Amino acid sequence: MNQEELEKCIDAAQNSQQYAHCPYSHFRIGAALLTSCGKIFTGVNVENSSYGLTICAERTAYTKAVSEGYKSFKGIVVASDLKDRFITPCGACRQFGVEFGDFEVVCVKPDRSTFKSSTHKLLPGLFSQEDLIAKAEQDERECKAQN
Amino acid sequence: MNQEELEKCIDAAQNSQQYAHCPYSHFRIGAALLTSCGKIFTGVNVENSSYGLTICAERTAYTKAVSEGYKSFKGIVVASDLKDRFITPCGACRQFGVEFGDFEVVCVKPDRSTFKSSTHKLLPGLFSQEDLIAKAEQDERECKAQN
Amino acid sequence: MNQEELEKCIDAAQNSQQYAHCPYSHFRIGAALLTSCGKIFTGVNVENSSYGLTICAERTAYTKAVSEGYKSFKGIVVASDLKDRFITPCGACRQFGVEFGDFEVVCVKPDRSTFKSSTHKLLPGLFSQEDLIAKAEQDERECKAQN
Amino acid sequence: MNQEELEKCIDAAQNSQQYAHCPYSHFRIGAALLTSCGKIFTGVNVENSSYGLTICAERTAYTKAVSEGYKSFKGIVVASDLKDRFITPCGACRQFGVEFGDFEVVCVKPDRSTFKSSTHKLLPGLFSQEDLIAKAEQDERECKAQN
(Lines give C-alpha, C1' and ligand atoms only; values in the text may rest on other atoms or scores of the structure.)
Protein backbone atom coordinates (compact mmCIF):
# COMPACT_ATOMS: atom_id res chain seq x y z
CA MET A 1 0.00 0.00 0.00
CA ASN A 2 1.34 3.43 -0.80
CA GLN A 3 0.64 6.33 1.56
CA GLU A 4 -2.46 7.48 -0.31
CA GLU A 5 -3.95 3.99 -0.27
CA LEU A 6 -3.10 3.60 3.40
CA GLU A 7 -4.85 6.86 4.30
CA LYS A 8 -7.95 5.84 2.35
CA CYS A 9 -8.00 2.47 4.06
CA ILE A 10 -7.62 4.04 7.50
CA ASP A 11 -10.57 6.31 6.72
CA ALA A 12 -12.65 3.37 5.53
CA ALA A 13 -11.74 1.11 8.46
CA GLN A 14 -12.42 3.77 11.08
CA ASN A 15 -15.64 4.84 9.41
CA SER A 16 -16.96 1.29 9.32
CA GLN A 17 -16.49 0.79 13.08
CA GLN A 18 -19.90 2.37 13.67
CA TYR A 19 -21.56 -0.68 12.12
CA ALA A 20 -19.94 -3.26 14.40
CA HIS A 21 -22.47 -5.62 15.98
CA CYS A 22 -20.85 -6.05 19.38
CA PRO A 23 -23.51 -6.22 22.12
CA TYR A 24 -21.38 -8.71 24.07
CA SER A 25 -17.83 -7.33 23.98
CA HIS A 26 -18.64 -3.66 23.23
CA PHE A 27 -15.40 -3.76 21.23
CA ARG A 28 -15.89 -1.96 17.91
CA ILE A 29 -13.46 -3.10 15.23
CA GLY A 30 -13.39 -1.94 11.63
CA ALA A 31 -11.33 -3.31 8.77
CA ALA A 32 -10.56 -2.14 5.25
CA LEU A 33 -9.20 -4.62 2.74
CA LEU A 34 -7.46 -3.28 -0.36
CA THR A 35 -7.56 -5.47 -3.46
CA SER A 36 -4.67 -5.60 -5.93
CA CYS A 37 -6.78 -3.60 -8.36
CA GLY A 38 -7.45 -0.85 -5.84
CA LYS A 39 -10.93 -1.67 -4.58
CA ILE A 40 -11.66 -1.37 -0.84
CA PHE A 41 -13.90 -3.77 1.09
CA THR A 42 -14.75 -2.85 4.68
CA GLY A 43 -15.63 -5.19 7.50
CA VAL A 44 -16.81 -5.11 11.12
CA ASN A 45 -17.00 -7.65 13.91
CA VAL A 46 -20.36 -9.40 14.03
CA GLU A 47 -20.83 -11.03 17.39
CA ASN A 48 -23.26 -13.77 18.30
CA SER A 49 -25.03 -14.74 21.53
CA SER A 50 -23.21 -18.05 21.15
CA TYR A 51 -19.80 -16.43 21.41
CA GLY A 52 -18.09 -19.09 19.31
CA LEU A 53 -19.96 -17.99 16.20
CA THR A 54 -18.62 -14.46 16.32
CA ILE A 55 -16.91 -13.30 13.11
CA CYS A 56 -14.21 -10.62 13.30
CA ALA A 57 -13.94 -7.50 11.15
CA GLU A 58 -11.06 -8.91 9.10
CA ARG A 59 -12.91 -12.08 8.15
CA THR A 60 -15.98 -10.06 7.25
CA ALA A 61 -13.85 -8.01 4.85
CA TYR A 62 -12.23 -11.11 3.33
CA THR A 63 -15.50 -12.95 2.72
CA LYS A 64 -17.05 -9.80 1.32
CA ALA A 65 -14.27 -9.38 -1.23
CA VAL A 66 -14.26 -13.05 -2.21
CA SER A 67 -18.03 -13.04 -2.65
CA GLU A 68 -17.65 -10.25 -5.19
CA GLY A 69 -14.90 -12.09 -7.08
CA TYR A 70 -11.75 -10.57 -5.51
CA LYS A 71 -9.04 -12.82 -4.08
CA SER A 72 -5.83 -10.86 -4.60
CA PHE A 73 -4.98 -8.30 -1.96
CA LYS A 74 -2.43 -5.54 -1.29
CA GLY A 75 -3.19 -5.13 2.37
CA ILE A 76 -5.69 -4.89 5.19
CA VAL A 77 -6.08 -2.16 7.80
CA VAL A 78 -7.60 -2.95 11.21
CA ALA A 79 -8.94 -0.12 13.37
CA SER A 80 -9.92 -0.22 17.03
CA ASP A 81 -10.85 2.32 19.70
CA LEU A 82 -7.90 1.48 21.91
CA LYS A 83 -5.68 4.48 22.37
CA ASP A 84 -2.76 2.91 24.23
CA ARG A 85 -2.13 -0.29 22.31
CA PHE A 86 -2.38 -1.74 18.85
CA ILE A 87 -5.01 -4.41 18.36
CA THR A 88 -3.63 -7.13 16.09
CA PRO A 89 -5.69 -9.75 14.27
CA CYS A 90 -6.63 -12.85 16.26
CA GLY A 91 -5.22 -16.21 15.18
CA ALA A 92 -8.38 -17.13 13.31
CA CYS A 93 -8.17 -14.02 11.15
CA ARG A 94 -4.45 -14.55 10.59
CA GLN A 95 -5.13 -18.04 9.27
CA PHE A 96 -8.03 -16.77 7.18
CA GLY A 97 -5.76 -14.14 5.63
CA VAL A 98 -2.89 -16.43 4.61
CA GLU A 99 -5.37 -18.42 2.52
CA PHE A 100 -4.96 -15.51 0.09
CA GLY A 101 -1.18 -15.12 0.26
CA ASP A 102 1.27 -12.70 1.82
CA PHE A 103 0.23 -9.06 2.01
CA GLU A 104 0.40 -6.11 4.40
CA VAL A 105 -1.49 -6.00 7.68
CA VAL A 106 -1.68 -2.58 9.31
CA CYS A 107 -3.13 -2.05 12.78
CA VAL A 108 -4.23 1.49 13.51
CA LYS A 109 -5.05 3.47 16.66
CA PRO A 110 -7.71 6.21 16.78
CA ASP A 111 -4.93 8.82 16.30
CA ARG A 112 -4.02 7.10 12.99
CA SER A 113 -0.65 5.84 14.25
CA THR A 114 0.14 2.45 12.76
CA PHE A 115 1.80 -0.90 13.44
CA LYS A 116 2.78 -2.60 10.19
CA SER A 117 3.22 -6.30 9.62
CA SER A 118 2.15 -8.89 7.04
CA THR A 119 -0.01 -12.00 6.92
CA HIS A 120 3.05 -14.25 6.75
CA LYS A 121 4.96 -12.44 9.50
CA LEU A 122 1.96 -12.74 11.80
CA LEU A 123 1.81 -16.50 11.34
CA PRO A 124 5.41 -17.82 11.42
CA GLY A 125 5.82 -21.36 10.09
CA LEU A 126 2.27 -21.15 8.91
CA PHE A 127 -0.08 -24.02 8.20
CA SER A 128 -1.48 -23.68 4.70
CA GLN A 129 -3.02 -25.25 1.64
CA GLU A 130 0.49 -26.45 0.72
CA ASP A 131 0.32 -28.82 3.68
CA LEU A 132 -2.88 -30.36 2.38
CA ILE A 133 -1.35 -30.71 -1.08
CA ALA A 134 1.82 -32.29 0.35
CA LYS A 135 -0.36 -34.75 2.25
CA ALA A 136 -2.32 -35.66 -0.88
CA GLU A 137 0.90 -36.17 -2.85
CA GLN A 138 2.39 -38.35 -0.12
CA ASP A 139 -0.78 -40.46 -0.02
CA GLU A 140 -0.62 -40.91 -3.79
CA ARG A 141 3.06 -41.94 -3.72
CA GLU A 142 2.42 -44.46 -0.96
CA CYS A 143 -0.65 -45.79 -2.73
CA LYS A 144 1.36 -46.36 -5.92
CA ALA A 145 4.20 -47.96 -3.96
CA GLN A 146 1.75 -50.49 -2.54
CA ASN A 147 0.39 -51.46 -5.95
CA MET B 1 -40.53 -12.02 0.44
CA ASN B 2 -43.04 -11.62 -2.32
CA GLN B 3 -42.66 -13.55 -5.56
CA GLU B 4 -40.77 -10.79 -7.34
CA GLU B 5 -38.32 -10.43 -4.46
CA LEU B 6 -37.88 -14.18 -4.30
CA GLU B 7 -37.08 -14.41 -8.00
CA LYS B 8 -34.52 -11.61 -7.72
CA CYS B 9 -32.90 -13.30 -4.72
CA ILE B 10 -32.74 -16.65 -6.52
CA ASP B 11 -31.01 -14.92 -9.44
CA ALA B 12 -28.55 -13.22 -7.11
CA ALA B 13 -27.82 -16.33 -5.05
CA GLN B 14 -27.28 -18.54 -8.10
CA ASN B 15 -25.19 -15.93 -9.84
CA SER B 16 -22.89 -15.52 -6.84
CA GLN B 17 -22.09 -19.24 -6.69
CA GLN B 18 -19.32 -18.70 -9.24
CA TYR B 19 -17.32 -16.77 -6.64
CA ALA B 20 -17.30 -19.52 -4.00
CA HIS B 21 -13.82 -20.28 -2.68
CA CYS B 22 -14.16 -24.03 -2.21
CA PRO B 23 -10.91 -25.80 -3.15
CA TYR B 24 -11.48 -28.38 -0.40
CA SER B 25 -15.15 -29.37 -0.66
CA HIS B 26 -15.81 -28.32 -4.28
CA PHE B 27 -19.27 -27.43 -3.01
CA ARG B 28 -20.37 -24.10 -4.46
CA ILE B 29 -22.98 -22.34 -2.36
CA GLY B 30 -24.44 -18.90 -3.02
CA ALA B 31 -26.71 -16.87 -0.77
CA ALA B 32 -28.80 -13.74 -1.22
CA LEU B 33 -29.98 -11.84 1.82
CA LEU B 34 -32.87 -9.41 1.42
CA THR B 35 -33.01 -6.49 3.85
CA SER B 36 -36.29 -5.06 5.09
CA CYS B 37 -35.73 -2.04 2.88
CA GLY B 38 -35.26 -4.14 -0.23
CA LYS B 39 -31.47 -4.28 -0.62
CA ILE B 40 -29.82 -7.59 -1.55
CA PHE B 41 -26.47 -8.79 -0.15
CA THR B 42 -24.95 -11.89 -1.71
CA GLY B 43 -22.60 -14.37 -0.09
CA VAL B 44 -20.52 -17.44 -0.93
CA ASN B 45 -18.74 -20.08 1.09
CA VAL B 46 -15.12 -19.17 1.75
CA GLU B 47 -13.20 -22.26 2.76
CA ASN B 48 -9.86 -22.43 4.55
CA SER B 49 -7.03 -24.95 4.58
CA SER B 50 -7.76 -25.24 8.29
CA TYR B 51 -11.27 -26.54 7.70
CA GLY B 52 -12.59 -25.14 10.98
CA LEU B 53 -12.15 -21.57 9.78
CA THR B 54 -14.44 -22.00 6.80
CA ILE B 55 -17.28 -19.49 6.58
CA CYS B 56 -20.50 -20.46 4.81
CA ALA B 57 -22.35 -18.40 2.18
CA GLU B 58 -25.09 -17.40 4.58
CA ARG B 59 -22.72 -15.99 7.18
CA THR B 60 -20.83 -14.13 4.47
CA ALA B 61 -24.09 -12.48 3.44
CA TYR B 62 -25.03 -11.61 7.03
CA THR B 63 -21.66 -10.04 7.91
CA LYS B 64 -21.68 -8.16 4.62
CA ALA B 65 -25.06 -6.60 5.32
CA VAL B 66 -24.20 -5.76 8.93
CA SER B 67 -20.92 -4.16 7.89
CA GLU B 68 -22.90 -1.80 5.66
CA GLY B 69 -25.36 -0.92 8.41
CA TYR B 70 -28.22 -3.35 7.71
CA LYS B 71 -29.54 -5.61 10.46
CA SER B 72 -33.21 -6.08 9.60
CA PHE B 73 -34.01 -8.81 7.10
CA LYS B 74 -36.98 -10.16 5.14
CA GLY B 75 -35.36 -13.39 4.11
CA ILE B 76 -32.37 -15.27 2.81
CA VAL B 77 -32.09 -17.56 -0.22
CA VAL B 78 -29.49 -20.35 -0.31
CA ALA B 79 -28.55 -21.90 -3.66
CA SER B 80 -26.55 -25.08 -4.29
CA ASP B 81 -25.74 -27.26 -7.30
CA LEU B 82 -27.49 -30.30 -5.88
CA LYS B 83 -30.32 -31.38 -8.16
CA ASP B 84 -31.93 -34.07 -6.03
CA ARG B 85 -32.04 -32.53 -2.59
CA PHE B 86 -32.37 -29.20 -0.86
CA ILE B 87 -29.29 -27.97 0.95
CA THR B 88 -30.34 -26.33 4.22
CA PRO B 89 -28.19 -24.00 6.34
CA CYS B 90 -25.80 -25.70 8.77
CA GLY B 91 -26.31 -25.18 12.48
CA ALA B 92 -23.71 -22.43 12.66
CA CYS B 93 -25.53 -20.38 10.03
CA ARG B 94 -28.87 -21.03 11.68
CA GLN B 95 -27.55 -19.64 14.95
CA PHE B 96 -25.94 -16.71 13.17
CA GLY B 97 -29.26 -15.90 11.52
CA VAL B 98 -31.44 -15.88 14.64
CA GLU B 99 -29.19 -13.18 16.06
CA PHE B 100 -31.17 -10.92 13.70
CA GLY B 101 -34.66 -12.27 14.41
CA ASP B 102 -37.18 -14.45 12.64
CA PHE B 103 -37.33 -14.24 8.86
CA GLU B 104 -37.71 -16.46 5.82
CA VAL B 105 -35.07 -18.99 4.79
CA VAL B 106 -35.50 -20.38 1.29
CA CYS B 107 -33.36 -23.23 -0.06
CA VAL B 108 -33.27 -23.49 -3.83
CA LYS B 109 -32.23 -26.16 -6.33
CA PRO B 110 -30.64 -25.38 -9.72
CA ASP B 111 -34.11 -25.73 -11.33
CA ARG B 112 -35.36 -22.91 -9.03
CA SER B 113 -37.63 -25.21 -7.02
CA THR B 114 -37.73 -24.11 -3.37
CA PHE B 115 -37.96 -25.36 0.20
CA LYS B 116 -39.29 -22.63 2.48
CA SER B 117 -38.69 -22.30 6.18
CA SER B 118 -37.65 -19.60 8.64
CA THR B 119 -34.76 -18.87 11.00
CA HIS B 120 -36.87 -19.73 14.03
CA LYS B 121 -38.38 -22.90 12.54
CA LEU B 122 -34.89 -24.14 11.68
CA LEU B 123 -33.70 -23.76 15.27
CA PRO B 124 -36.52 -25.00 17.55
CA GLY B 125 -36.19 -23.96 21.19
CA LEU B 126 -33.38 -21.71 20.11
CA PHE B 127 -30.56 -20.37 22.23
CA SER B 128 -30.42 -16.59 21.91
CA GLN B 129 -29.46 -13.23 23.32
CA GLU B 130 -32.50 -13.51 25.58
CA ASP B 131 -30.74 -16.32 27.42
CA LEU B 132 -27.75 -14.11 28.12
CA ILE B 133 -30.04 -11.32 29.29
CA ALA B 134 -31.97 -13.71 31.54
CA LYS B 135 -28.66 -14.88 33.01
CA ALA B 136 -27.52 -11.30 33.68
CA GLU B 137 -30.84 -10.48 35.34
CA GLN B 138 -30.70 -13.57 37.53
CA ASP B 139 -27.14 -12.71 38.57
CA GLU B 140 -28.25 -9.20 39.49
CA ARG B 141 -31.22 -10.44 41.54
CA GLU B 142 -29.03 -12.89 43.43
CA CYS B 143 -26.37 -10.28 43.97
CA LYS B 144 -28.92 -7.89 45.49
CA ALA B 145 -30.39 -10.67 47.63
CA GLN B 146 -26.98 -11.30 49.15
CA ASN B 147 -26.43 -7.64 50.02
CA MET C 1 -31.04 -42.95 28.47
CA ASN C 2 -32.89 -44.69 31.24
CA GLN C 3 -33.66 -42.88 34.49
CA GLU C 4 -30.52 -44.12 36.24
CA GLU C 5 -28.30 -43.04 33.35
CA LEU C 6 -30.03 -39.67 33.19
CA GLU C 7 -29.48 -39.03 36.89
CA LYS C 8 -25.80 -39.92 36.58
CA CYS C 9 -25.41 -37.62 33.60
CA ILE C 10 -27.14 -34.76 35.39
CA ASP C 11 -24.75 -35.22 38.31
CA ALA C 12 -21.76 -35.27 35.96
CA ALA C 13 -22.89 -32.28 33.91
CA GLN C 14 -23.67 -30.13 36.93
CA ASN C 15 -20.46 -31.14 38.69
CA SER C 16 -18.35 -30.20 35.68
CA GLN C 17 -19.76 -26.66 35.52
CA GLN C 18 -17.15 -25.56 38.08
CA TYR C 19 -14.42 -26.05 35.47
CA ALA C 20 -15.94 -23.77 32.84
CA HIS C 21 -13.48 -21.18 31.51
CA CYS C 22 -15.85 -18.27 31.04
CA PRO C 23 -14.13 -14.99 31.96
CA TYR C 24 -16.06 -13.16 29.22
CA SER C 25 -19.67 -14.39 29.50
CA HIS C 26 -19.61 -15.62 33.12
CA PHE C 27 -22.00 -18.29 31.86
CA ARG C 28 -21.04 -21.68 33.30
CA ILE C 29 -22.23 -24.60 31.22
CA GLY C 30 -21.54 -28.26 31.86
CA ALA C 31 -22.29 -31.22 29.63
CA ALA C 32 -22.27 -34.98 30.08
CA LEU C 33 -22.20 -37.22 27.05
CA LEU C 34 -23.25 -40.85 27.45
CA THR C 35 -21.71 -43.35 25.02
CA SER C 36 -23.65 -46.36 23.79
CA CYS C 37 -21.49 -48.55 26.00
CA GLY C 38 -22.26 -46.53 29.10
CA LYS C 39 -19.20 -44.32 29.48
CA ILE C 40 -19.68 -40.65 30.42
CA PHE C 41 -17.57 -37.80 29.00
CA THR C 42 -18.04 -34.37 30.56
CA GLY C 43 -17.48 -31.00 28.91
CA VAL C 44 -17.46 -27.30 29.76
CA ASN C 45 -17.47 -24.10 27.75
CA VAL C 46 -13.94 -22.84 27.08
CA GLU C 47 -14.09 -19.19 26.06
CA ASN C 48 -11.42 -17.20 24.26
CA SER C 49 -10.48 -13.52 24.23
CA SER C 50 -11.25 -13.70 20.51
CA TYR C 51 -14.90 -14.58 21.12
CA GLY C 52 -15.21 -16.48 17.85
CA LEU C 53 -12.86 -19.20 19.04
CA THR C 54 -14.99 -20.11 22.03
CA ILE C 55 -15.93 -23.78 22.24
CA CYS C 56 -19.14 -24.78 24.05
CA ALA C 57 -19.52 -27.50 26.66
CA GLU C 58 -21.26 -29.88 24.27
CA ARG C 59 -18.50 -29.72 21.67
CA THR C 60 -15.89 -30.20 24.36
CA ALA C 61 -17.67 -33.40 25.40
CA TYR C 62 -17.98 -34.65 21.82
CA THR C 63 -14.32 -34.07 20.93
CA LYS C 64 -13.25 -35.63 24.20
CA ALA C 65 -15.20 -38.81 23.51
CA VAL C 66 -14.03 -39.04 19.90
CA SER C 67 -10.41 -38.53 20.94
CA GLU C 68 -10.73 -41.59 23.17
CA GLY C 69 -12.29 -43.70 20.42
CA TYR C 70 -16.00 -43.28 21.13
CA LYS C 71 -18.37 -42.14 18.38
CA SER C 72 -21.69 -43.81 19.26
CA PHE C 73 -23.85 -42.00 21.78
CA LYS C 74 -27.08 -42.52 23.75
CA GLY C 75 -27.53 -38.95 24.77
CA ILE C 76 -26.09 -35.71 26.08
CA VAL C 77 -27.13 -33.65 29.10
CA VAL C 78 -26.53 -29.89 29.19
CA ALA C 79 -26.60 -28.07 32.53
CA SER C 80 -26.73 -24.31 33.14
CA ASP C 81 -27.27 -22.05 36.16
CA LEU C 82 -30.41 -20.50 34.74
CA LYS C 83 -33.35 -21.20 37.04
CA ASP C 84 -36.19 -19.86 34.92
CA ARG C 85 -35.44 -21.20 31.47
CA PHE C 86 -33.87 -24.15 29.75
CA ILE C 87 -30.63 -23.45 27.91
CA THR C 88 -30.58 -25.41 24.66
CA PRO C 89 -27.51 -26.12 22.53
CA CYS C 90 -26.48 -23.41 20.10
CA GLY C 91 -26.63 -24.11 16.38
CA ALA C 92 -22.93 -24.94 16.18
CA CYS C 93 -23.28 -27.65 18.83
CA ARG C 94 -26.43 -28.98 17.18
CA GLN C 95 -24.56 -29.40 13.90
CA PHE C 96 -21.59 -30.91 15.68
CA GLY C 97 -23.90 -33.45 17.34
CA VAL C 98 -25.71 -34.70 14.23
CA GLU C 99 -22.32 -35.69 12.80
CA PHE C 100 -22.71 -38.65 15.16
CA GLY C 101 -26.35 -39.49 14.47
CA ASP C 102 -29.66 -39.09 16.24
CA PHE C 103 -29.64 -39.35 20.03
CA GLU C 104 -31.20 -37.71 23.08
CA VAL C 105 -30.42 -34.14 24.10
CA VAL C 106 -31.54 -33.21 27.61
CA CYS C 107 -31.35 -29.67 28.96
CA VAL C 108 -31.41 -29.39 32.71
CA LYS C 109 -32.03 -26.60 35.21
CA PRO C 110 -30.27 -26.34 38.58
CA ASP C 111 -33.33 -27.99 40.21
CA ARG C 112 -32.80 -31.03 37.92
CA SER C 113 -35.97 -30.41 35.92
CA THR C 114 -35.47 -31.37 32.28
CA PHE C 115 -36.37 -30.47 28.71
CA LYS C 116 -35.95 -33.48 26.43
CA SER C 117 -35.27 -33.40 22.72
CA SER C 118 -32.90 -35.07 20.25
CA THR C 119 -30.12 -34.07 17.89
CA HIS C 120 -32.35 -34.53 14.86
CA LYS C 121 -35.36 -32.75 16.36
CA LEU C 122 -33.17 -29.76 17.21
CA LEU C 123 -31.98 -29.42 13.61
CA PRO C 124 -35.01 -29.97 11.34
CA GLY C 125 -34.16 -30.65 7.69
CA LEU C 126 -30.56 -30.96 8.76
CA PHE C 127 -27.49 -30.49 6.63
CA SER C 128 -25.26 -33.55 6.94
CA GLN C 129 -22.58 -35.81 5.53
CA GLU C 130 -25.28 -37.28 3.27
CA ASP C 131 -25.39 -33.97 1.42
CA LEU C 132 -21.67 -34.12 0.73
CA ILE C 133 -22.02 -37.72 -0.46
CA ALA C 134 -24.97 -36.82 -2.71
CA LYS C 135 -22.88 -33.99 -4.18
CA ALA C 136 -19.94 -36.33 -4.88
CA GLU C 137 -22.25 -38.88 -6.52
CA GLN C 138 -23.86 -36.22 -8.70
CA ASP C 139 -20.43 -34.96 -9.76
CA GLU C 140 -19.39 -38.49 -10.68
CA ARG C 141 -22.55 -39.12 -12.71
CA GLU C 142 -22.13 -35.88 -14.61
CA CYS C 143 -18.45 -36.56 -15.18
CA LYS C 144 -19.24 -39.97 -16.69
CA ALA C 145 -22.01 -38.51 -18.82
CA GLN C 146 -19.52 -36.09 -20.34
CA ASN C 147 -17.03 -38.83 -21.23
CA MET D 1 9.28 -30.32 28.76
CA ASN D 2 12.30 -32.43 29.55
CA GLN D 3 13.35 -35.22 27.18
CA GLU D 4 11.41 -37.88 29.06
CA GLU D 5 8.24 -35.82 29.03
CA LEU D 6 8.70 -35.04 25.37
CA GLU D 7 9.09 -38.72 24.47
CA LYS D 8 5.95 -39.59 26.43
CA CYS D 9 4.01 -36.82 24.71
CA ILE D 10 5.20 -37.92 21.27
CA ASP D 11 4.02 -41.46 22.07
CA ALA D 12 0.66 -40.16 23.25
CA ALA D 13 0.14 -37.79 20.33
CA GLN D 14 1.06 -40.37 17.71
CA ASN D 15 -1.01 -43.07 19.39
CA SER D 16 -4.09 -40.85 19.49
CA GLN D 17 -3.98 -40.18 15.72
CA GLN D 18 -5.93 -43.40 15.14
CA TYR D 19 -9.01 -41.78 16.70
CA ALA D 20 -9.11 -38.75 14.42
CA HIS D 21 -12.54 -38.19 12.85
CA CYS D 22 -11.45 -36.94 9.43
CA PRO D 23 -13.76 -38.29 6.71
CA TYR D 24 -13.38 -35.04 4.76
CA SER D 25 -9.65 -34.20 4.83
CA HIS D 26 -8.28 -37.69 5.59
CA PHE D 27 -5.65 -35.79 7.57
CA ARG D 28 -5.03 -37.56 10.90
CA ILE D 29 -3.64 -35.26 13.57
CA GLY D 30 -2.94 -36.19 17.17
CA ALA D 31 -1.99 -33.89 20.03
CA ALA D 32 -0.68 -34.43 23.54
CA LEU D 33 -0.93 -31.61 26.05
CA LEU D 34 1.27 -31.76 29.15
CA THR D 35 -0.03 -29.99 32.25
CA SER D 36 2.30 -28.27 34.70
CA CYS D 37 1.67 -31.09 37.13
CA GLY D 38 2.65 -33.76 34.62
CA LYS D 39 -0.70 -35.03 33.36
CA ILE D 40 -1.15 -35.69 29.63
CA PHE D 41 -4.35 -34.94 27.71
CA THR D 42 -4.57 -36.18 24.13
CA GLY D 43 -6.60 -34.72 21.30
CA VAL D 44 -7.54 -35.44 17.70
CA ASN D 45 -9.12 -33.45 14.90
CA VAL D 46 -12.89 -33.89 14.80
CA GLU D 47 -14.21 -32.79 11.44
CA ASN D 48 -17.76 -31.88 10.54
CA SER D 49 -19.76 -32.07 7.32
CA SER D 50 -20.11 -28.30 7.70
CA TYR D 51 -16.37 -27.73 7.41
CA GLY D 52 -16.42 -24.58 9.52
CA LEU D 53 -17.36 -26.52 12.64
CA THR D 54 -14.28 -28.72 12.52
CA ILE D 55 -12.21 -28.71 15.71
CA CYS D 56 -8.47 -29.44 15.52
CA ALA D 57 -6.50 -31.86 17.66
CA GLU D 58 -4.90 -29.09 19.70
CA ARG D 59 -8.19 -27.48 20.66
CA THR D 60 -9.61 -30.87 21.56
CA ALA D 61 -6.70 -31.38 23.94
CA TYR D 62 -7.07 -27.91 25.47
CA THR D 63 -10.82 -28.21 26.09
CA LYS D 64 -10.33 -31.68 27.49
CA ALA D 65 -7.77 -30.48 30.02
CA VAL D 66 -9.81 -27.44 31.01
CA SER D 67 -12.94 -29.53 31.46
CA GLU D 68 -11.05 -31.64 34.02
CA GLY D 69 -9.79 -28.58 35.88
CA TYR D 70 -6.34 -28.08 34.32
CA LYS D 71 -5.35 -24.71 32.88
CA SER D 72 -1.59 -24.54 33.39
CA PHE D 73 0.54 -26.20 30.73
CA LYS D 74 4.19 -27.07 30.06
CA GLY D 75 3.78 -27.83 26.40
CA ILE D 76 1.83 -29.44 23.59
CA VAL D 77 3.01 -31.93 20.98
CA VAL D 78 1.30 -32.11 17.58
CA ALA D 79 1.76 -35.22 15.43
CA SER D 80 0.89 -35.68 11.76
CA ASP D 81 1.54 -38.32 9.10
CA LEU D 82 3.49 -35.96 6.87
CA LYS D 83 7.05 -37.22 6.41
CA ASP D 84 8.57 -34.29 4.56
CA ARG D 85 7.31 -31.28 6.46
CA PHE D 86 6.29 -30.21 9.92
CA ILE D 87 2.63 -29.46 10.42
CA THR D 88 2.26 -26.45 12.69
CA PRO D 89 -0.92 -25.40 14.52
CA CYS D 90 -3.42 -23.35 12.53
CA GLY D 91 -4.13 -19.78 13.61
CA ALA D 92 -7.28 -20.78 15.49
CA CYS D 93 -5.34 -23.24 17.64
CA ARG D 94 -2.56 -20.73 18.19
CA GLN D 95 -5.06 -18.21 19.52
CA PHE D 96 -6.76 -20.87 21.61
CA GLY D 97 -3.40 -21.78 23.13
CA VAL D 98 -2.28 -18.29 24.17
CA GLU D 99 -5.44 -18.02 26.27
CA PHE D 100 -3.48 -20.20 28.69
CA GLY D 101 -0.13 -18.42 28.50
CA ASP D 102 3.26 -19.06 26.94
CA PHE D 103 4.42 -22.66 26.75
CA GLU D 104 6.20 -25.02 24.36
CA VAL D 105 4.67 -26.16 21.09
CA VAL D 106 6.41 -29.11 19.46
CA CYS D 107 5.52 -30.37 15.99
CA VAL D 108 6.58 -33.93 15.26
CA LYS D 109 7.00 -36.03 12.13
CA PRO D 110 6.32 -39.79 12.00
CA ASP D 111 10.07 -40.41 12.48
CA ARG D 112 9.89 -38.46 15.78
CA SER D 113 11.97 -35.54 14.50
CA THR D 114 10.74 -32.28 16.00
CA PHE D 115 10.25 -28.59 15.32
CA LYS D 116 10.13 -26.62 18.57
CA SER D 117 8.42 -23.30 19.13
CA SER D 118 6.10 -21.75 21.72
CA THR D 119 2.57 -20.37 21.86
CA HIS D 120 3.86 -16.80 22.00
CA LYS D 121 6.45 -17.23 19.25
CA LEU D 122 3.78 -18.65 16.97
CA LEU D 123 1.55 -15.60 17.41
CA PRO D 124 3.79 -12.51 17.31
CA GLY D 125 2.17 -9.35 18.65
CA LEU D 126 -0.66 -11.50 19.85
CA PHE D 127 -4.22 -10.42 20.57
CA SER D 128 -5.16 -11.49 24.08
CA GLN D 129 -7.29 -11.07 27.15
CA GLU D 130 -5.06 -8.10 28.05
CA ASP D 131 -6.54 -6.24 25.09
CA LEU D 132 -10.05 -6.74 26.40
CA ILE D 133 -8.94 -5.61 29.85
CA ALA D 134 -7.22 -2.53 28.41
CA LYS D 135 -10.42 -1.72 26.52
CA ALA D 136 -12.54 -2.05 29.68
CA GLU D 137 -10.14 0.17 31.62
CA GLN D 138 -10.14 2.82 28.90
CA ASP D 139 -13.95 2.78 28.81
CA GLU D 140 -14.06 3.25 32.58
CA ARG D 141 -11.59 6.15 32.51
CA GLU D 142 -13.54 7.88 29.76
CA CYS D 143 -16.83 7.27 31.54
CA LYS D 144 -15.47 8.86 34.72
CA ALA D 145 -14.02 11.76 32.76
CA GLN D 146 -17.48 12.49 31.35
CA ASN D 147 -19.14 12.52 34.77
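A, B, C and D are the chain letters, set down in written order, and residue numbers restart from 1 in every chain.
By definition in this document, a residue touches a chain if its C-beta (ideal position, glycine included) is under 8 Å from a C-beta of that chain, and two chains touch if they have at least 3 such contacts.
Small disclaimer: the values here were computed from a predicted structure and weren't measured.
Note on interfaces C-D and B-D: more C-beta pairs are in contact across C-D.
On residue numbers, the A-D interface is repeated by B-C, which shares over half of its contact pairs, out of the options B-C, A-C or A-B. As a whole-number value, the distance joining the C-alpha centres of chain B and chain D reads 30 Å. For this pair, chain C with chain D, the centres built from the Cα atoms lie 21 Å apart.
Shared interface positions of chain A, i.e. residues touching 2 or more other chains, are given as 24-25, 49-50, 53, 55, 90-92, 95-96, 127, 131-132. Chain D contributes residues 25-27, 80-96, 98, 115, 117, 121-127, 131-132, 134-135, 138-139 to its touches with chain A in the complex. By the touch rule above, chain D contacts chain B in their complex via residues 24-25, 47, 49-56, 90-92. Contacts from chain A toward chain B in the complex involve residues 16, 18-19, 21, 23-24, 42-44, 46, 48-50, 53, 55, 57, 59-64, 66-69, 71, 92, 95-96, 99, 127-129, 131-132.
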